[in-house]
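A, B, C and D are the chain letters, set down in written order, and residue numbers restart from 1 in every chain.
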Amino acid sequence: MAEVSFPHAQERRPGRGFAALRRLPLLSGAIIAAALLAALLAPWIAPYDPAAVDLLRRFAPPAWMDGGSSLHILGSDDLGRDVLSRLIWGARVSMLVAVACVVSDAILGTAIGIVAGYCGGRVDSVLMRLADILLALPYLLIALVVVSAVGASLSNVIVIIVVLRWAALSRIVRGETMMLKQREFVALAKVAGIGPVRIMWRHILPNVMNSVVVVSTLGVGAVILFESVLSFLGVGVPPPTPSWGGMVADGRNYLTSAWWVSLFPGLVITAVCLAANLCGDWLREAMDPKSNRR
Amino acid sequence: MASLRDLTKPLLAAAIAAGASLVPWAAAAQSRITIAINTLGPETWWPQDIANNKYLTGTIGDPLVRLVSPYKLEPALASSWKVSDDGLTYEFTIRNDVLFHDGSKLTAEDAAFTFAPENAQNYVGFSRMKNGNIVSVEAQGDRVIMKLKEAIPFMIDGYISRISIRPKAYLQRVGVEGFNKQPIGTGPFKVVEHVKSQHVKMVANDNYFGGRPKVDELIWRVVPEPATRLAMLRNGEADVTYNELGASTGELQRYGMRAVSFGLPRQSVLVFNHLLRKENLPSRFADVRVRRALTMAIDREAVANAIYFGKDRAAALLIMPRDTPSLDPKYRPLAYDPVRAKALLAEAGLSGGFKVDLYAPNNLKDLAVLMVSYWQRIGIDAKLSLLDPASLNNAWFNRTLSGDAIILSQILANGVASLVYLDPAAQVVTYYSPETDALRVAGTAIVDPARQDEWFLKVFAPKLDQLYPVPVILEGRDGVFGLGQRVKDWSKFELHAMGFQWLTPQ
Amino acid sequence: MTQPLLKVDDLRTYLFTRNGIVRAVDGVSFHVDAGETLGIVGESGSGKSMTALSIQRLLPRPAGRIVGGEIRLEGEDLVAKSERQMSAIRGRSMAMILQDPMSSLNPVFTIGQQVSDPLRTHRKLPPGELRKAVERLLEMVRIPAPQTRVNDYPHQMSGGMRQRIVGAIALSCEPKLLIADEPTTALDVTVQAQYLRLLRDLQARLGLAIIMITHDFGVVARICDRVAVMYAGRIVETAATTTLFDRPAHPYTQALMRSMPRLDQRSDRLPAIDGQPPDLRQTLTGCRFAPRCAHASDICRQQYPEMTVVSPGHAVNCWHADRMMAAS
Amino acid sequence: MDYVLQRLLHGVLTLLAVTIVVFLLSRLSGDPLSLILDPAATAADRAVELARLGLDRSYIDQYLIFLGNALGGDFGESIFYKAPAFSVFMQHLPATLELGVVAIAVSAAIAIPAGVVSAVRKGGILDTAAKAFALTGQSAPIFWIALMLVLVFSVVLGWLPTSGRGGLSHLVLPALTLGWYSNAFLMRVTRSSMLDVLDADYIRLARLEGLPERRIVWVHALKNAAGTIVTTLGLMTISLVTGAVVTETVFAWPGVGRLIVESIFHRDFPVVQAAVTVIAAIVILINLAVDLIFAWIDPRVRLG
């Protein structure tokens, strides 16, 4: 395809880095940064121990409401624990789960996808059958079975999510790898006698990174939501460790009377997922050379 | 958001007033009561799954003898009964004025059929009555005579009173499948419609021998999500809701809704792992001071008031005897005293505190979280694992929990359950300690309830401190029913689903 | 003299991008007479395609906008037309062929469906006639066995055939003007020749005017009557084909010709001329080619050269046109 | 045809592997005996019960027996429901199908047009609104949305029943909930694949032919994007199961999602095995169907 039809596509290229930066949804970035910061600094910024119960101060409403006090800015829950402190500590768990799952999935899914796509043949069909199996399993139910077998714990929840989720990404990476394999630079590298591992590492990996980053970013929200569903079914990250999903799930019995117990974590989940999704969308557009035209 | 609540009430009232005829589910007959419940179990009528299905079983049928309070038995379909001294022969005299829903008369044959050894498989969870322990059940005129191979402690309280009598002739005529399509019994309500996993519709049995129920129509609806059940109670879709202890009862209270607790008293206990694990290692739990410290660290009165709806209290004893033990200072629960608890730990050489695993079933989550928090204050670092009941039981029964672990468990709090649990033959040996071993065996051997009770108070109760399970909270009942506006009274709400006969509509 | 079929006057098309305004077409004027073929030649980014898209009023949205000038097709100003009016003109009065036959056809519709689409839209033919018309068109562009081919999908055909089908679609409503944007770039050399021959034949038969946008002087030589050379958004030289080949007057044209590939070579782009085309986002003074021109003098850098008519029909924008002519 | 056969074969192999996974996983979580036996049961009682359920055999034996019976459509007897596991599952299937089909249909009816319009008017108000809706929909816990719907429409407004299966009014909230997530997802996929297509040369050509814009968008472009959309619909079936678990729980909808969750907690292996196997089979078949539809839409796949 000749490059004449839309000259401005080229014209934009020199300034692309800056333009891209300018288009970074600042609010989304800020939300994610805030969540990460809260996760890192929880012990120092949380006003209370998130697990400390206080039966005399149950269901304290948020500070601005009748009966609220500045002791519990966002109110307290059914066991008198400070909602704000739990939100801040919850960031630690939720972000840890999200980041750990997404990063591990990215590594696992990418590795398997590249190997399957590059090696082809029997390796490919074995790995992809494996992915097929995972994709055909109702993964929530499998997670339930496994958790009820090994018990709910933070690490178990992470491992289960990772094991169940890599297949989708590996499919995408495999498809791209197969296309890249046909490209000249790979052929050239082969001719030059470069070994397959090195080709995959140096030539294929950088080229699939775009998709990996985009899919992974979009996965952050999905993982947080998945953990919340596990909590809803009683098999999420176990208490007293606070997780956002668990807080929403626990607070649902007080939806109308002590709405703050579940509303704030619900809003935080929504905000962070939204921010992650927006960033994912933005990355998709910024990294896809084709979408640059739009 | 603050105004949501204020907004809700007038809207709700308006909806009920103006829209009652427009909204189909609100357009109820005056005496129709809808009960939203978490589960009705497998919803089979034969076999009758007593463990999971007590409401259905109890509402359409009656047992021979009814347990009306933790220790009180009343005649139901049997006008009288006798137990032989060795506890091996039971004789029931069947009333002759009871009709099944199809109009046929209840006879001793029906009772004999219900308990026949070949039908024992139909009682899920009644292991001791299975596997050949029932030698024979015979009908002789208006009497039924049951012979056992081995005595079963609290046979009537624990078993007979929970099985409702099924019509032999009808069952044989229509078969199991037919019976499950249209089950009949002697109970206060008749089944008119049963849509599995959704609802069971019942109407009053005009000829009920205990008097016609005041409710014309009783609808059971299966609603697994507690928040949804509360919503149903609030918008009038349900008149009665089952509520798990803890969480949702607080919400009921906040709306000024009435609640009644139901079922047999239970209590939450701490079970120490060291005698339940495979390896026989020394354990810090063997020291009674440690066990006491764990108990005293928890403000049990506050916990009971806060999460158990004020209906429950700190438990003193593992087993609740017939006579109220609270009168006797000996049976008063250990008071909340974290300072003393710390001192006890120090005496036991654990002044630095220790780490422990706490396993709890997920329905006791709040209690477990509270305990972890309280223990933390005396330096005990407990790591909580919530398991679903089957996992917990399996871990426990198969002795797969290792190290010093504590299990939070819930058991029935009357003599029946406790003695059953203490039965040395039981696979699930729950509670024992070297000090009480001999006593356990002796107590189980007593068949006569009166003598057993005497034995309990005189001999066993003083030694309870030596038992390893530590009682934490005595819960009044199994759970709580929330009552909507159309339920006027529930005057005679007793242990079994029979209580639904006494529901009074507005 | 009768009015030309298409008259473009001082056309200015700018692209408003985030990084600045690109003056892609910056004051272009030319005309096309009925039945003649005008070649527009230039490097990539010189504004050829933007000119074509401006005529069709299908600029990339939302960046592209015509900011000045007139485009008169049979005397009517297209710039002033509404979108709806343009829809009626496109495909009927003028048609366009895009460069890539592989991607110009919708992969999920059959050839027949695609060829009949404009006929149905503009002519509203009943189904029976429609089918006949489609077969006739396919025959016209020399597709063998058109009766069976109508049910084929694009991917079942060769590149040359596809481009001929694109031609059939373009010609289906018998337009007066056909704009062909590098229609042969993606084709084999032999297929290229065939295709151009076909275009010539059709042109003769239908009395069609063609604007041939290309960077390939080989194509120009084969098919064009006149040529306009574009550089950096402006036309720098216009002449009859033979004249231009004989006596190119603009240094840019000369450079282009020197770098012209041989006909038997397939090429996607021009061999480079030293230097870079200017950044069209800047306000430019002087001759745009001056920075790359070996003959540039001070005036070249200060003032844009006026149009010089060096011979009838041969105009050039160069301060040194005379000297250049002499040199060629 | 070979293609279909090959895919079917792959499907069968996948299904076989699924049965192994489910079989082993369910055994991992311990036996159901502690739920069946009362605490007073003796070791002998336990042994009798184990033998009755066939759980005393080795895993391999158990699996082979299960597989053999399953081939004949017999998934064993439900431990909890005391009825054939397969028929227990089938009793619950219609409710889920009803809910799933309505949810998918509604969300397709909303999401596809919205995605198309959003792509055509990229950057416009409609696009922004649709994107905001889609992103928010994908960002909130589904059970929270469900409970909020109950609160608003059942408790505060009193328009719709909270739960249960019955007439149309009972279907609205669950379908809305279940459709919510897929709606958002489908809209995004539609939008992005339409954006890809609208950029293509053949769409420009269609414009150059002077075809009406409506026809270009809804026929020429959409048919090209349809392959991706249909594939997405296929992929959504499995995540629909997740949604169904939550939706059915909140709205007391008597479907298979709830059934399986409860069966997992009851350690009712036969039902879990039957359900997961059949669901996996359905998913595999749907994806096969999707591929065939894809091929039907896009001739390049059909013949390539």
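The rule is simple: a residue touches a chain if its C-beta (ideal position, glycine included) is under 8 Å from a C-beta of that chain, and two chains touch if they have at least 3 such contacts.
Computed from a predicted model, the values in this text were never measured in an experiment.
In terms of the distance between Cα centroids, chain B is separated most widely from C. Chain nearest the geometric middle of the protein is D, using mean C-alpha positions. Measuring from the averaged C-alpha position of chain A to that of chain D gives a distance of 22 Å. In whole angstrom, the spacing between the mean C-alpha positions of chain B and chain D is 37.
Put simply, the C-alpha centre of chain B and that of chain C have 87 angstrom between them. The distance from the centre of chain A to the centre of chain B, each centre being the mean of the chain's C-alpha atoms, comes to 43 Å. Those residues of chain B in touch with two or more other chains are numbered 4, 8, 227, 234, 388, 390-391. Shown for chain C are the residues that touch two or more other chains, namely 100, 103.
Of all residues in chain A, those that touch two or more other chains are 148-149, 252, 255-256, 293.
Touching chain A in their complex are the following residues of chain B: 1-2, 4-5, 8, 226-227, 230, 234, 247-248, 250-251, 254-255, 299, 302-303, 305-307, 362, 365-366, 368-370, 372-374, 376, 384-388, 390-391.
Chain A contributes residues 129, 132-133, 135-142, 144-146, 148-150, 221, 225, 228-229, 232-233, 245, 248-249, 252, 255-256, 262, 266, 269-271, 273-274, 277-278, 281, 284, 290-291, 293-294 to its touches with chain D in the complex. By the touch rule above, chain B contacts chain D in their complex via residues 4, 7-8, 11-12, 15-16, 19, 23-25, 39, 41-44, 47, 49, 51-52, 124-128, 130-131, 195-199, 221-225, 227-228, 231-232, 234-235, 237, 388-391, 393-398, 417, 420-421, 423, 425-428, 430.
Residues of chain A touching chain B in their complex: 51-53, 55-56, 58-59, 65-66, 78-79, 148-149, 151-153, 234-235, 238-240, 250, 252-259, 263.
The touching residues of chain D, when paired with chain A in their complex, are 10, 13-15, 17-18, 21-22, 25-26, 28-30, 122, 135-136, 138-144, 147-148, 151, 155, 192, 195-196, 199, 235, 238, 241-242, 245-246, 249, 260-261, 264-265, 272, 276, 279-280, 283-284.
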